[in-house]
Amino acid sequence: MITVLKGNATDQQRDNLIRWFESQGLRVHISKGEFQTVLGLVGDTSRIDEDLVAALDIVERVTRVTEKYKAANRKFHPEDTVISIGDVKIGGGNFAMIAGPCSVESEEQILGIAKSVRESGATLLRGGAFKPRTSPYDFQGMRAEGLELLLEAKQATGMPIVTEIMNAEHLPLFENVDVIQIGARNMQNFELLKAVGKTDKVILLKRGLANTLKELLMSAEYIMAEGNEKVILCERGIRTFETYTRNTLDLSAIPALRENTHLPIVIDPSHATGKASLVEPMALAAVAAGADGLMIEVHNDPQNALCDGAQSLTPEQFEKVAQKVRKIRDVVAS
Amino acid sequence: MITVLKGNATDQQRDNLIRWFESQGLRVHISKGEFQTVLGLVGDTSRIDEDLVAALDIVERVTRVTEKYKAANRKFHPEDTVISIGDVKIGGGNFAMIAGPCSVESEEQILGIAKSVRESGATLLRGGAFKPRTSPYDFQGMRAEGLELLLEAKQATGMPIVTEIMNAEHLPLFENVDVIQIGARNMQNFELLKAVGKTDKVILLKRGLANTLKELLMSAEYIMAEGNEKVILCERGIRTFETYTRNTLDLSAIPALRENTHLPIVIDPSHATGKASLVEPMALAAVAAGADGLMIEVHNDPQNALCDGAQSLTPEQFEKVAQKVRKIRDVVAS
Amino acid sequence: MITVLKGNATDQQRDNLIRWFESQGLRVHISKGEFQTVLGLVGDTSRIDEDLVAALDIVERVTRVTEKYKAANRKFHPEDTVISIGDVKIGGGNFAMIAGPCSVESEEQILGIAKSVRESGATLLRGGAFKPRTSPYDFQGMRAEGLELLLEAKQATGMPIVTEIMNAEHLPLFENVDVIQIGARNMQNFELLKAVGKTDKVILLKRGLANTLKELLMSAEYIMAEGNEKVILCERGIRTFETYTRNTLDLSAIPALRENTHLPIVIDPSHATGKASLVEPMALAAVAAGADGLMIEVHNDPQNALCDGAQSLTPEQFEKVAQKVRKIRDVVAS
Amino acid sequence: MITVLKGNATDQQRDNLIRWFESQGLRVHISKGEFQTVLGLVGDTSRIDEDLVAALDIVERVTRVTEKYKAANRKFHPEDTVISIGDVKIGGGNFAMIAGPCSVESEEQILGIAKSVRESGATLLRGGAFKPRTSPYDFQGMRAEGLELLLEAKQATGMPIVTEIMNAEHLPLFENVDVIQIGARNMQNFELLKAVGKTDKVILLKRGLANTLKELLMSAEYIMAEGNEKVILCERGIRTFETYTRNTLDLSAIPALRENTHLPIVIDPSHATGKASLVEPMALAAVAAGADGLMIEVHNDPQNALCDGAQSLTPEQFEKVAQKVRKIRDVVAS
């Protein structure tokens, strides 16, 4: 951490600050310039609150040199993490295709879609049982009953399942779930992060609508700091001023996260764009940019879906996307 | 709700859609233009998913005419809501001054600050016991112990207290808390909203960093739909591209919310700006714009605060702000 | 255009408004609902100011059904536009690879880079002579002299050239330039748009940092309304809260613009990300998403470049990207 | 400027970089830490391109300690600048009230409004002759003829006038204009900034929709670097995800700019909010936050205004706002 002092700081003020840093177990290198003095702090600065230091009267600015996230940091774990979910692997060159409906609606629906997407090459089945909705008057998911139908589809098809949790109290219901999803709106629900960090489930952590990549990694760190290192990161669009798409899909997150973390990275083009017509081009783009997986909404009857029908592909459309994805993978992986 | 059909929609497609709307209990007015046909829907459209309708092949666009929020809507409740918290009132011309430290740190600290801000005219005491922090390695609050110290300060000073909840499981600990705060990161933690909606506590609901005013009102509606109508809204800055301030304080939220809801509106200039030097001007601006209350961080020793010292005022600074606030109130209220 | 009246509008107010619309040459369809009345306007509404109508006391809201842009609109021009630049074609299945340095710095530099990128398959040469810089103290480009060197490189290599204009008074200097670029900061410099709209040059119009796709199309319309229909659109990143990348590259702009306009779409991954390490993945992603071209910064010596060295590829890196781009094109085009 | 080297930088690489810095006339202080080495650069770093340095393989990050703007910087000019416009002063405790219509529409209109706002206490008359409009089909202003009517109103009322320039070629027409406005869309039209920097007019520089405060100051610096130091800064709303208001008015810009510059700061609540009902509260808030002036749209007949009628006050509404503004000024100034 580097602390730049203001030009008008007195020697005594400076020495007081240096003594305080030293009392925190840090060594301090002093570099005196014409207009300012720079203090370089050496040691474990992860517990120093940089905003607090920056607020001191004599401090001009503070810059953190080492990131606060450790477990998720590629610097300390140079190799890609490969996560196994049943027979499916993701990360380190292994690609996962997650598909299924936004919401589980009935036994027939989820079984039908599951079989169809498996045939098209999907390796994991997604489906929402607990649904976060902006309005309390919108369909909130089939909840526990939906989970049961999802587990039935898992048994029928052999596909591991991915589904969202909204409340740590529901964890017992998720015992046979393979991948627990933390939704974008809960990315900084730190109590929930801690709770899933205490399980041994694979966690799919979605980036919040207004969260930086650094914050996404800090939230992954919350889970990992509890002992669960099986975290998959998911970019699903951020909120910007553009209104044509529901959110703006930030595909540069793929190489940017790749540089900074060893965790697998998945892209959800369905929620990001909110429009079925944009899902294929964004899915192919994500793969070309190096994503470790895709998460795509598929519905047998989008126009009668109880939730997010607007962005769902039909099984036929998904089949076509899956074929093109494999071709792009061949180019990128070669 | 208005549904505009595409020019190439066939008569049969149009009639199918009209029949579907009618099956949902709506009446449909048809207006045929040169390039498109417009369907006006009359009746209770609150359960119609507009994204779904917009996704239909024959639909050009959908516009909602009536808002989905009812309980929070000024249209249906023209009078300002006045909320009583002990002897303190907020809303409908009653102004509340909420002050205290970001975090409760010790008995001495919270008692000292409580007495000091009460003397300067604060009517409610704030203090964090459970703290949402971006990093798992940052101070997480004194938790249950902090709550106890806060209740002690309440008893010693007679001031009602405001403190944040992060987990519905903690609700029993909040039995004697007067105002339960839902933080910005939990504004769309719908499970938590439902849980506090089942209590009879006053709820202070902070706007999320990337949430629209409409979404804030929908989250208030989650609480109110469970039966708890004592909701105070709080603007605390939104996330933008500007980096000089921590967030961008959206003061136009005050008159904008005022037009749309009857609930009281409070401004938190401390978290919004993240800089003590900006708190006074933003506090005065909020009052001039018609806020029903302020929420200001005060710390006896900001430079040694365990959290957010950068934005805390000293008791002396707070005293000065409180005086000017009263003068601006006199002008605005007159 | 649809105008929704408030519930409390009197019949006389409504009739006055209808008469006013009719005086503007429009026919009005009335649809009376329980809570509101909806007026559907038929005819040429492009000159009606919707904000003005929305501001009327009796009006609840206004929705535009037909877009204001006509010449750029795919509805009226369903076929892709193909633009010829010398022997190079772009649009309608023709892909253009634009490469070169951010700034022209010397004869040796621009000639060297031009030959190198041509060998790697670039079809157009880019290079800045007039440079928009945030600070007046940063290098402002070689200006007229830079243009001459660029024209020299054109002659030496036979590559058409692309370069930015910042001032309509400089147009005479651009006589032999093939493609005139309007930079992001000038996307709404309407006087400049009109000026280039009066030329017969191909115009490459970059999206502004905070401009919607609709505004980009309106700016293209400014050029086309003056008679010049040879407009190429370029997405180069928008401004968001994320700070890891310089801007956030909005690749969904490709299919989104494709749906709405017939003009060719080019992506600039260099300016968008600001980091050389992110250029390759974003270039491949853009091609996978269906871009008609790429614009990539290449410099023989990025570390000594006078401008934007941080994001420039070396000729060797560019060669590698160009090869992969061709492979992805094969998949996408097939 | 501080340059942090990566842990794997060799001694030779480090020495090469140090030699290069020294060749640029800088002295280099070296501070060696456990994981990285920090170089502190002393001397005139304003010509060093920090992005370039940050892009070097061995560099972890670069932090600028001193700002690039000098003439606009409060550090070097601690006293508030007071600008005289005829008898009117602005800055350093002098408050300016700028009012008038968005567009000049006729002699009768501009004369009528001018007299009316002067009576209500406006000190400067605004009115647009050249209008930047998103659509080429919207009213573009009366242009030269509008300027003449504005000058007529100046003569009739004695009020100095403020009006926007969009093209440096029009400068001769602005000979008798008192304050030349640079609109938000032209904030980074650097050629136009340089052109008005060569005049001796007062320049009112509006912040761009997606520009940081630092960029606003750099644009002011463009004007000042040409010799014209009479620059007034104007905040008029920035673009965010919120759609209720046209833009989000960033009132924290007032104290934030105040800390960093000596130039006067004016707020335009009309364009920021786009809604007449929000103008009064935002105007009062701006004054409470310490603005040096307001710029408010007033129209005698908002519903028939040719441009931006939605946000215009009637003369009666303006009179009421002006009275309250004076009362808030009394509190703030005391």
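Note that the chains are named A, B, C and D in the order they appear, and that numbering of residues resets to 1 at the start of each chain.
Everything that follows uses one rule, which is that contacts are C-beta pairs under 8 Å (C-beta built on N, C-alpha and C of every residue); 3 or more make two chains touch, one makes a residue touch a chain.
Please read all numbers here as calculations on a predicted model, not as lab measurements.
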Farthest chain relative to chain A (centres taken as mean CA coordinates): D
Inter-chain centre distance, chain A versus chain D - centres from mean C-alpha coordinates, in Å: 38
Distance from the mean Cα position of chain D to that of chain C, given in whole angstrom: 26
Length of the line joining the C-alpha centres of chain A and chain C, rounded to whole Å: 31
Touching two or more other chains - residues of chain D: 210, 239-241, 243
Chain contact topology (line, ring, star, complete or other): complete
List of chain D residues in touch with chain A within their complex: 2, 4, 29-36, 38, 40, 42-43, 60-61, 63, 65-66, 239-241, 243
Chain C contact footprint on chain D (complex, rising order): 46-47, 49, 51-52, 54-56, 68-69, 132-139, 166-169, 185-186, 188-191, 194, 208-210, 215, 218, 221-222, 225, 239, 274-276, 302-303, 305-311
Chain D-facing residues of chain B, complex: 210, 212-214, 238, 240-245, 248-252, 254-256, 259, 272-273, 277-278, 281-282, 284-290, 324, 327-328, 331-332
